[in-house]
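Two complexes are shown next, each including chain A; its partner changes from chain B in the first to chain C in the second.
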Partner chain A sequence: MAYLHINGTTERLTNVSINQASTPITEQVATTSWADVTYSSITYTPTKDSQYVLYEFHTYMGVPFTNDNECKGYFKFLYSDNSGSTWSELSNSRTFYGSNFNDSNTMKLRGSVTITQLIPYWNNTARQFKLQVMTFTDFHFGLHRLSNFYGPSGAVTPNSHFARPFVMCASI
Partner chain B sequence: MAYLLDVPSLNNIETQKFVHDTSAERTLSNTSVDDIDGSEISYTCASSASNIIYECTLHLWASPDVNNTYNIELYEDAGSGYPSSGLGDYYRVYASATRLLYRTLLNIRFVLPTYTGSRSYKLRVRSNGTGSEASITKRDGTTTTDIYVPVVQMYSII
Partner chain C sequence: MAYLITQDTKRNIKVKKTTVTQLEQMVDHVYTAINGGTIEYAPAPNSTYVYYEFNSMISYGTDLASYGKFRLVYGPDTNNLTSIATDDVNYIAHFGGTNTNTTRKQKDTVPIKLVFIIPAWQGTKYLVLQGLDDSEGAGDYYINGIRAEAKYPEEDDADDLFDPFVIVYSY
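== the complex of A and B ==
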């Protein structure tokens, strides 16, 4: 929510809901098929007569620990109005992290990323959201893992730093 | 504070504070652990908060090396000065790009437990090694005076 400067006096964030994983999430490695992003799901009921609902998901992502070249992750954003029985994709909401450039020892991108979606107000009923992720043949993509970290004493123990991702919704 | 409503039951963000330190200088991510200039904020929680959020938007800049690594950690001063160690797991961010000369904004966000009184927070950074040193808050050009000032904020969720 680095952009809380909402226009004017009538557009404001309300009813902020935030969920953070209480324990570390192990690394999720994307495949060439769509898969739910761990801990990206949230059920949210907007403030009555809002204009939009803001969805944000925050975690680490980039090349995975086991194969750290050719970073390419593709995301789609889904919602359900029947507690997850059926899902629909929000129009024009796909996002991408990485590059199409495929070359050995390149694209070792890693970072802390927030995926943001803005959903038009539907009504004052609960709706469930989630992200799905996939990668492509010859590319690699991982989530939720700090594959290494250097502090005052140098490198910390590998494999020990997994994220506690968090997801939030707010009404505008 | 633009979103504070006249209907208290709907407003569950309180006590938002921003820092935009225009005197911030470039920070070099090298093999020592250094403060990220402009990332510090002191904050007192709202009394009924359930979570506290620290956010900082920085500019990463691949210079002086082609490869760049950023090991960023949140440090807390609870009243007796900053300790030598940061807050550890879940309060760290690792960003890197190899052979890319990568330049981008980075949004960092941590969820903190509530506390009483005022505390101060800041980020510190180091690189993996001498071959992957990089800059923070430098936006463009070649001088150290061309700066993207970090945007820091804290707020309480009720």
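== the complex of A and C ==
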């Protein structure tokens, strides 16, 4: 396949890499300990002399199927330059998806969410990225599944939708 | 198969990432520039639109019913800013809730990705993201991080910071 650029410029997204689950995957339920987020891992080599690498992870998240109230998910973003032997955390990159409850009421937050990170260019070598997730005591959090929807007549059928999460990297 | 591409779909991409040193409390009821949301930009020649994207974290404050508003404005410099459209239509985004019922108040901490499409212009302008806290009563909202309180009880020793970043390009 050949491309002829007539009016291109030098600044654009290059070397776009996307990994997506081939079929909808099962729900991942967070605990109060850190755990890898399924399908958030990608190994990426940036275009030489880029300025940044853009990382995006997209899936469903929020209240889990088994306990659909008090939702909080807490994420950290890690990278490895030695094929996963050791991991470091990108500074000032933690993210969160959730809501505090108030008294006996529940906040059933859930949705289709993208977590985006911008990583300064390191060099033209491979680096592995991944997300980890945890939740908190008295809270719950699920990934890859939207569930427990209620309409005017009660529970909606089907009341679960499963995601095909994807992770994307590109050089800027 | 061969393709003749006469114009890139995303041109003059510009990225700006800001290192923050503190969680920023949004100012009550008065639009104020958000740290990390300003970028100087000249659209590529013959562009139709400019794409602006701001990424960060927003976190509820110490009270309930937190409610934050954002708008994008522009100008030749940061002291001479104007609305992009009348009444800022299409250039405003709201987060949070305003229900003051004592048992149904909202305390969200979520990633935000604010996206705006602006008709292209000639020359250089500053695109400035402004924000305000419009919460009722003592409610408040924070930007560029996660309140420690949101992480109770396992990780609530300190606030987390998030370095915001802006991506702009022409098409």
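The definition used in the following text is that the second predicted complex is superposed on the first by the 143 of 172 C-alpha atoms of A that agree within 3 Å, B and C clash if a C-alpha of one lies under 4 Å from a C-alpha of the other, contacts with A are read in each partner's own complex, and residues count from 1 in each chain.
Assume a contact is a pair of C-beta atoms (placed from the backbone, for glycine too) under 8 Å apart; a residue touches a chain by one contact, two chains touch by 3 or more.
None of the values given here were measured: they were computed from a predicted structure.
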| item | value |
| --- | --- |
| Partner chain(s) touched by A:I115 [first = chain B, second = chain C, both, neither] | second |
| Partner chain in contact with A:S91 - chain B first, chain C second, else both or neither | second |
| Which superposed partner A:P152 touches (first chain B, second chain C, both, neither) | first |
| First, second, both or neither for A:N100, with chain B first and chain C second | second |
| First (chain B), second (chain C), both or neither touched by A:L13 | both |
| First, second, both or neither for A:F136, with chain B first and chain C second | second |
| Chain C-contacting residues of chain A that also contact chain B | 1-2, 4-6, 9, 12-13, 105, 107, 109, 113-114 |
| Residues on chain A engaged by chain C in the complex (per definition of touch) | 1-9, 11-13, 32, 51-52, 54, 72, 74, 91-100, 102-105, 107, 109, 113-116, 118, 120, 134, 136-137, 172 |
| Touching residues (chain side chain C, partner chain A) in the complex | 1-8, 10-15, 17, 19-20, 44, 55, 57, 59-60, 64, 102-111, 113, 145-146, 149-155, 160-163, 165, 167, 169 |
| Touching residues (chain side chain A, partner chain B) in the complex | 1-2, 4-6, 9, 12-16, 18, 20, 24, 47, 58, 60, 62, 105-114, 146-152, 155, 160-161, 163-164, 166, 171 |
| In the complex with chain A, residue positions of chain B that touch it | 2-5, 7, 10-13, 16, 33, 51, 53, 55, 57, 69, 71, 73, 84-86, 89-90, 92-100, 102, 104, 106-109, 111, 126-128, 151, 153, 157 |
